[in-house]
Amino acid sequence: MSRNRELISNIGLRLDGRRALELRRIRCKLGLFSEPDGSAYIEQGLTKVLAAVYGPHQVRGNRSKAQHDCAIVNCQFSMAVFSTGERKRRPRGDRKSTEMSIHLHQALIAAIKVELYPWSQIDVYVEVLHADGGIYPACVNAATLALIDAGIPLKEYLCACTASLASNDIPMIDISHQEEIMGGPTLTVAALPMSGKVVLLEMSQRFHVDHLPKVLDKALKGCIDIKNILDEAVKNNVREIGSSTGWASST
Amino acid sequence: MSKIREYTISNCEKNFLLKCLKDQTRLDGRAFDEFRNIEIEFGKDYGCCCVSLGQTRVLAQVTCEIQVPKSSRPSEGILNINIELNPIAAPNFEPTSKNDLFTQLNRTLEKCLKDSKAVDLESLCIKMSEKVWALRVDVNVLNHEGNILDCASIAALSALHHFRRPDVTCDGEDFIIHKYSQRDPIPIVIHHYPVCITYSIFERGEFILADPTLLEEGVADAFLTVGMNSYKELCGLHLGGKAELNPDILIQITQKAGNRAGIVVEQIKKAVKEENEKRLEDKSIGFHNKLCSTKNIDFEDLETCFDQWRIAPKRKHKDTEKNMIGETVEEQIQTENFSVKIEKKGSQSAVLVPEEFEEVGRVWGDSDEDEDAVVEIPKKIQTVSLLDSDSEEESTIVLNANSQTKKMEEITI
Amino acid sequence: MSRKIYIRLATDRVNTSVAIEGLRAYPSIYTPGQIITNQNEFMRGHGTYEDNGLLKASVAGVQEKVNNLISVRPLKSRYNGEVGDVVVGRITEVQQKRWKVNTNSRLDSILPLSSVNLPGGELRRRSVEDEHMMRNYLQEGDLISAEVKNVYSDGSLSLHTRSLKYGKLGQGIMVKVFPSLIKRSKTHFHNLPIGISLILGTNGFIWICPIINNTEESVGGFVQNLEEVVPEITRATMSRTRNCILALAQSKMMLFDTSILFAYEESKSITYQNY
Amino acid sequence: MAKVLTDRAYIEMNYRPKAGLPCVQDRFYEAILKNTCETALAASLFPRASVVITLQEMHDNGQLISCAINAACLACLDSGIDMRFMFAAMTCFLTNNGDLHLRTPEVKEDIDAIFVFVFDSVKKNVIVSHTEGTFKTENYKLALEKCREGSETVFKFMRKEITKE
Amino acid sequence: MAESFRVLHPIKYYRDYIASNVRPDGRGLHKFRPVLVNIGSIQTADGSALAKVGDTTVICGIKAELCTPKPECAREGFLIPNVELPPLCSPKFRPGPPSDEAQVASQLLANIVKNSKCINLQELCLFPEKLAWCLFADIICISYDGSLMDACIIALMAALKSVQLPVVDYDPAADSRLVNEEEKKSLNIKSVPICSTFSIFDEKVVLYDPTDEEESLCSSTFNIVVREDQLSSVHKPGGAPISDEKLFECIKVSKERASTICKLIETAIHENNT
């Protein structure tokens, strides 16, 4: 617990100079590539993630997987070999990456309106270029942007954020890698911020259950903040495309 | 092998279940927040236990060995957790495949036990950055009737709590591992006791059921697994599936889980304590208590013993004995003495040719040609092996083909 | 090759948008989850859904209103077929009595054997021989132009080539752009004065080929003339057109005959190096 | 799909040790178990089907392989699959003073050889013979007889078990 | 005609042959195939041998390495036999990790080595707890035509007999080892176990030394391993039941065969040394 005290200084600043409830800088871009139906890039602090979406398209490969009432969502998470301090030998396929893929899938199917696309498949590929804490949230946010870019209907924005507890008392959000290894507990929340619903929750290490409400509350607030930033980026993107195409419509 | 597909739940079953939930009823008559009964039994070995949660049953075994520690943590022992999904538990499980369920179960349990630092790994160190104990918890699922995770976490924790590692003493350079009979084995130091508690969520959080059965698991939208110790500290939390949940419901469930965790941990501790007392009193231990205590195998005892292990209800079956074979062996084997000759075939080889063979000698006849071939073989190998050691295998293959072609020729003649 | 190469992260990328900011008012933009209206007299169109009596957008795009029908149109999405659309597609599978065609739609489209013009007269019954011959007409990998005949309830399209202008495509280049960049117009077949022919498939597949003299019409569009040598000058024009289309697509300009011609004219000032 | 047999059922045998991953020794046991069950089950009645038999070790207190074989037989009987005969395994120990025992001797060092036999229930012929250690033919003969006698008890038990209820 | 009959109705084809007491390759039912042993085939190995039983050909190479003994048995070295069945030896094997069959063969071989006590592992230990020889006996099947175990054991035993190990001086105080490549010595092989394979055809006819085709058609295949006048393994892994008299008949036959093969190996070794 003595380590935890260092996470936040007396004047309430964190190691990288942020305040407890401050997000890292988020920069994002939609529609990077022409080959996928949708693509996005997001930077949250130093964490950099690329996402590409293909589909909805005919189910390829194992056709028996196709569902008559909804689209199947296929997620693949991978980390570039150079994304971490040590060279990562297995960019995908180990237990942790498989777990990431599964969690990504679970969060996305809650947000995508899969029931609109029977017999189809949507592929979401995420690649972490630089891992500096909060990989999962960055992946979720990037995937959301890529899905919006692909014009795939979503219930609403799906945003994710991490939160931790400093000094066993002060909740803080958007945990960096440095803070992660210093050993505070980490709570990852993926939520639909507009309706305030939690879609995925993940926690490691331990803290007392009484702290959960406030940490969860702050994490959800973080999600809302992220949603506002993403919304701005999406609107700008639509505006840009719209004005180039002259808002042409089929009618 | 075309495997049995995953158990799909028919629409009527699903609708019936949901309708029952609307009437505040569960199919097995439990209340929404009621858990199934936990039974913990211990095996004869240290760290072996069998836990059943209702009809779900798992077997856990802890083993230990000495390993070199990870370079990043030189003073810490190693803890590995592995849940194995056997086809014994459910027909769609495969012995080797690593599917999503497998990954998720293992990761969640790993987080619950390992990341929350429940086991004192530093006490497992024998010598810094040279020798540490590596603990391995194997959890085998014996019967899958929903909620493997809770059952596995209880089993893993009980097994760890029950386990004793052999004592090690340092004698200058050498380390002596004392057998169980020589010195009392040492229990594992456990800081806190976290268990997983799973709730299934239906209709976007309208109904929340504790400890889902297999059918309920199939119908549920999402699952909330809470890793919690008896001090009501969260040790891992996972909400996944197709969930949309209000945060206040979430907090409510975690509070409930806290109470449950206390009860479960108490039960684990009590079971282990009783077991240890039994051991001290030298009472019979192990799964087959009655079987071990009686000297002569008695049918009644065997039956009761097997009954304990019977999981599925008995079926009637037809008398299988009537289909048995009833053939008599008619032929007599003629005895014969071997008359063989051993021929020296050039340097470093010899051939054994049964004499009868020469009489039959259609394929294996020792014509001059054949003999030459046999003699040549080792020579070839010899020369090749002198030149290039890597190509022996190839040359041997070639030579084998040679002799075969020889054989073929003879047949054609 | 000692040219300097600049690599930038995506965030630094400059969008090659040619629009003049603020020239005109933006139509209202909606993003997923945003409430469009709480009045329930409106009808729910594409890109919207109802949640607790509220009409919400499910995609990012512009609102379109026809009488009581409200829909949100994403500016970029997979091709949503409509009856009568001209599409360019690729055969992916030959099945019994039908071909499967990839048209950049979310499900593979279907081209039934009964919806193609077979050699030797249109109004012939389809015999078993025709079924056996299907692969001779069109095989996997062939490109075709076709028209959408029908849209099924699951979203898959049924195509037909029962007109002499449709059928198998021969020599040329295919360019893939986002379907929303194709402007819908009266005709999607253009013979440009620069000596090339264009098929602007509404599904975002654009076919560029030399102008064909309609001589082999009688065979029903299953013949590819691969022997004919396309002169180099035509090839250069075709490639230039292709690059123009890609440049336009890159800057998100709508694609139609005039815009492509203008781009082509504009590009003439830039000479290309002949390697 | 590659394992489908057109003339009989494919029998898949999984033997799981209590701890750790399955090793070569377990494969060896698996092969014995698989061959035994293949002979005993009337597999030709179910072409193109597969029978999966999974055995999980619960506790090893000697005679593991015999126990596994007997468990497999009981499980097959319980499943109601057609069988040509029942089978029962017996283990016999040869100690260094030349005695044969059906029970595991207390001291491991005393054991000279171990014999494992599996008999069919009809003619009491040998289906499996597995031995450890070196021994004389006479000892083998005696062990075989002793095990055959012992197998009667096991068959009796199995019969009683399946006719119960 | 005969060939297609053989392919279409293999069992019937064999039954017809066996009814007239002869096998398709011309052997009688109770006849063994010729055996060939060649010693020292591989110069890079510390000991090697090639064995051929009929068309079944295996080659065994033994490599010796120095290692530390296991703490449980500090006074013992290692002999690790490993059977490889590569795809080249028979179309029924696929490339990739060892097949079940290869794993079972390796285990059986290890069991036989252990049971027959053909080599005293303690002699492989150079200094308790510190240094021991580890003999890796890799057996590669080059051509697979039944009775694999027979060939494997002959190759392994012949190879073991040909092993020449350098003398190692070990100084426990300084933990230094001096390998004297000049001075070499052979292993002390206490006994030579010999394996004979039998198959049961149609649940009543016993075929000696079966080929691959016969093994696959037979309902049961079993091995009898004989060491001097004692048995060191009777391994029948399931399959059709066998009556006692036939079993003991086979045991008798394999004893006779073992002595001849032992002589064969001796002859080959002797040839080698002269």
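Going by the order they are written in, the chains are A, B, C, D and E; count residues from 1 in each one.
We take it that a contact is a pair of C-beta atoms (placed from the backbone, for glycine too) under 8 Å apart; a residue touches a chain by one contact, two chains touch by 3 or more.
Worth saying up front: this structure is predicted, and the values here are computed from it rather than measured.
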Chains shared as neighbours by subunit B and subunit E? D
Could you work out how many touching-chain steps separate subunit A from subunit B at minimum? 1
Taking each chain's centre as the mean of its CA atoms, the one lying farthest from the centre of subunit D is chain C
Would you kindly say which chain has the C-alpha centre located farthest from the C-alpha centre of subunit A? E
When you take the mean of every protein CA atom shown, which chain's own CA mean is nearest to it? B
Just give me the whole-number Å value for how far the CA centre of subunit A lies from that of subunit D. 55
Could you please state the distance in Å, as a whole number, between where the Cα atoms of subunit D are centred and where those of subunit E are centred? 25
Would you mind pulling out the distance in Å between where the CA atoms of subunit B average out and where those of subunit D do? 21
Subunit C to subunit E, mean C-alpha position gap in Å, rounds to 69
For subunit A, which residues are shared contacts with two or more other chains? 192, 195
Specify, in ascending order, the residues of subunit E that touch 2 or more different other chains. 243
Identify all positions of subunit D at which a residue touches two or more other chains, and write them in rising order. 120
Please list each pair of chains that are touching. A-B, A-C, B-D, B-E, D-E
For the complex, give me every residue of subunit E touching subunit D. 100, 103-104, 106-108, 111, 114-117, 219-220, 222, 227, 229-244, 247-248, 251
Once bound in the complex, which stretches of subunit C touch subunit A? 9-11, 13, 15, 17-21, 23, 26-27, 29, 31-34, 47, 49, 51, 56, 58-62, 64, 66, 73-78, 82, 102, 106-108, 154-156, 176-178, 180-181, 183-184, 249-254
If we count contacts the way the header does, which residues on subunit B are in touch with subunit D in the complex? 1-2, 43-45, 48, 50, 59, 61-63, 84, 86-88, 91, 95, 136, 138, 140, 142, 286-288, 297, 299, 302-303, 306, 314-318, 320-321, 323-326
Under the touch definition given earlier, write down the residues of subunit D that touch subunit B in their complex. 1-4, 10, 12, 14, 16, 18-20, 22, 42, 50, 52, 54-56, 58-59, 61, 74, 77-80, 82-86, 120-122, 153, 157, 160-162, 164-165
How about subunit D: which of its residues touch subunit E in the complex? 24-25, 27-28, 30-39, 113, 118-120, 123, 125-137, 140-141, 144
